[in-house]
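This is the structure, below, for whatever I ask next.
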C-alpha cells in the first residue's frame, strides 16, 4: 500500500482562552488524506481552521486529540519535516538578511552546504524572480516579494511535500499567476502540494482535490470537477455566430426537450484584463 | 536524504542558528548603545583615576571591571529577552521550526548567539581596559622617573618595578572569566524566563528583579540555614528566596581581586563549574517549557 | 498548567541541590578572604538607596573608592565626624583594601586626636585629653577590624604596632604585633627586629627581650645594627649579665 503524503485522523484542536472560561474549537474531528503527487486545496472562510490544521500537520501546534502524519511519520517527530517545505501565511523573515542570505540560512537548517547550497540558492532566486533583489535586505522587500522569498525558502531542500498557507495572499495578479504556474510545475515534477486559500477561482484552476472547512468541520471533500459539475447542464461558447445560426439553434432546441436558460455575451475576466494591461508596457 | 538520515543533533544547524542570532543582535541598536557606553566608561577611567588620592590603579580597575560586569550582565538580559518573543511575533519561528530543526537546537542556537556576542564584548572591553591600564602605568612611570631622577639606578628600577606590579596582575583574568560566566548565567536564565513570559518588557523587569535579589540571595540563604529562632513564615520566605534565586554574589570576585587577593585555583575552578551548571540547568528548564509550547 | 507546576518543582529541586553546595562554596570563598564583611542592612541606611543598589551590582568597590575620596576631602576640611563616618562606609564596602583601614586609623589616631587635643573651642583640659583618647581608640578599632578582615597581610599588624607604641605606650602589645607580622609572607625584614626592640622597652619582659636580641645578634653582622647593640647593652646592664657573657666591645 502506498503511504499518503499527508494523513489527518480524527483531528480536534481546542484553544483555551486564558482568564476566561470559554474555549475556541478551531478544528473538530477532521479526517483527510492527500495522495502523493496531488495538489490539495483546503478552503474555507476566515477563522475556519485552515491555518491551525496546517500548523498541526507541521508539528508547530499540538493536537488536542487525533493525529497527523507526513509520509507515514508522526508530525511530532522532528524527522517528519525533513522533506517538507512550509510557507506560513503572511510570512516575515529576518529583516537584516538579504534574499540570498535568507535562503542560505534556511538551506543550512535543512542540512545543505557548500556548492550544493550555493547553486540551489541561485536556482531558487531565479525561479521566484528575485535574482535582481538577491543582495537587498528583506526589510526593504514588498509584501509580494516576501511571499516569493518565502516560497523559495520552502523549496530549498527540494522537498517532497510543500505546504502553502495562502500562497497568493498579497501578491499582484501577475505574481499570483506565476505562483500558480509554479505550483503546476511542482505537480509535474511529482511534488505533493497542500495549500489553503479562500480565493476559489485560483484554487479551482490548480487543485486536483479540495476540502472545504467551516467552523473547523470538513463540510465537503472531493475532486474539483466532481464537486463543481452540474450534471444536467452544458455550456456552449460560440465565435462569430451569425443571427441565422443562433436562430437555427433556437429552432433545434424548440424541437427537443432541452431548455435554454441563459444567453449572453461572455465577458473577459477582470483578471485577464488586468494581466493584458499590465503585461503590455513591460514587454514592449 | 533518506528517512532515517535525520540526525537528532546537528552542530551545523546550531551553528547556522547561532550565526543568525549573532547577526541579529549585532544589528540591534541597543547593543551599540551599551557597548559604546561601557567602552567610554572604561576609557574615561584613565582620567577618573587621576582624581583619586593614592590609589590610581585601584580606581581605574574598579571603574573598568565594574563597568564590564554591569554591562555584560545588562547586555545578556536585554539581548536575550527579545529573541524568542521577536521570532514568535514576526512568525519567523514557524519557518524555522517547520524545517527539521528540533526545538532544543533552536534554543541552543539562540543562546549560542548571545554567548558569542557576550564573549566578543568582553574581549573588546578587556582589550580596552588593558590599554587604559598600560597608558596609565606609562604615565606614572614617567612621573616616577622624574621624581627619582637623583637616586641610584637600582632604586629607580625598584620603584618602577613596584609600580608595574601594582598595575597589572594576572589574577584579573580569572576575575574577568567569572564576569563572563555571570553574564552567561543571566542569559540562560533570561532565555528560560522568556519561554513563558508574555512580553519582553516583562522578561526584562523580571530579570532586573532577579539580578538584585540574586545578589542578596546569599544573605537569605545564610539566615535560613543558621537562624532557628525565626518564625515559620519568615523561614519559608527565606527558604523560597534561597531556593528560587541564583546566588550571583558568588560570581562577584573582581572586587576582591582588585583589592589584591589571589583566587586560589581550585576555588576558581569550582566557581566556574557552578556557573556552567547554572547555565545548563536553566537551559534545560527553558527547553522543558519550550518543547511543548503552542506557537 | 501541569508543565508550569513541573517547572516550579524542578526549580525548587535544583535549589535544594545547589543551596548546600553554594553555602559551602561561599564559606570557602570567605575563608580565602573573599566577601568577609557582609553588606549589612544598616549599611544601606548609611550609603543611601542608589549607592546600595550600585554596591550590590558590581560597583561595590567603585562606591568604596568614591567614599574614600570624599573622606579625603572631609579630612582636608578637618570635619572629623564625617571622616570617621565615611571611612566606616569605605571599609565596610571594601574590607580587602589595606589602604582604607590604614588611612582610617591614621586619620583617627594621628590627625583627629591631635586636633582634639588642641581644640581651641574646648577650654577643659581633661575633656580634651578624653577626646584624644577616644580618637586613639577609634584608630585602634579600625586596625583591629582591618586585621580581622585581612589576617594574611603584615601591613595592618605593623600599623597597629606603631599605634600601640607611639600613641598608647603599650610596648608589649607592639612587640606581639611586630612578631606576628614577621611570620607573614611579604613582611619586611625589620619586623622581627622591631618586635625585639619593643619587647626591650616593655617592663617585665627584659629576659625574653634579651634572649630575642641575642638571637638576632648571633645571626651575624648583618643584624648588628646600632640600635640593636644599644638595646642589648642596656639590657645587659639591667639584667646584670656577667661580663664574660656580654657581647664583646669590639662588636660595637
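Order of writing sets the chain letters: A, B and C. Residues in each chain are counted from 1.
As a convention for this text, a contact is a pair of C-beta atoms (placed from the backbone, for glycine too) under 8 Å apart; a residue touches a chain by one contact, two chains touch by 3 or more.
Values in this document were obtained by computation on a predicted structure and should not be read as measured data.
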Looking only at which chains touch which, which shape fits best: line, ring, star, complete or other?
-> line
So which chain ends up closest to the centre of the protein, judged by Cα positions averaged per chain?
-> B
Comparing centres built from CA atoms, which chain ends up most distant from chain B?
-> A
Pick the pair with more C-beta contacts: B-C or A-B?
-> B-C
Compute the distance, rounded to whole Å, between the mean C-alpha positions of chain A and chain C.
-> 82
Between chain B and chain C, what's the gap in Å when you average each chain's C-alpha atoms?
-> 34
Computed distance of Cα centres, chain B from chain A, in Å = 48
Give the residues of chain B that touch two or more other chains, as numbers and ranges in rising order.
-> 292
Which residues, counting only chain A, touch chain B once they are in their complex?
-> 15, 55, 58-62, 71, 73, 78-79, 81-86, 88, 90-94, 96-97, 105-106, 108-111, 113, 150, 153, 157, 163
How about chain C: which of its residues touch chain B in the complex?
-> 3-4, 6-7, 10-12, 14-16, 18-19, 21-23, 25-26, 28-29, 32-35, 38-39, 53, 56-62, 64-65, 68-69, 72, 94, 96-99, 103
Residues on chain B engaged by chain C in the complex (per definition of touch) | 51-55, 58-59, 62-63, 65-66, 69-70, 73, 196, 211-212, 215-216, 218-219, 221-222, 225, 242-244, 247, 249-250, 252-256, 258-261, 263-264, 267, 270-271, 274, 277, 281, 285, 288-289, 292
Which of the residues in chain B come into contact with chain A in the complex?
-> 1, 3-6, 8, 10, 12-13, 15-17, 20, 23-24, 27, 90-92, 94-102, 292, 294-295
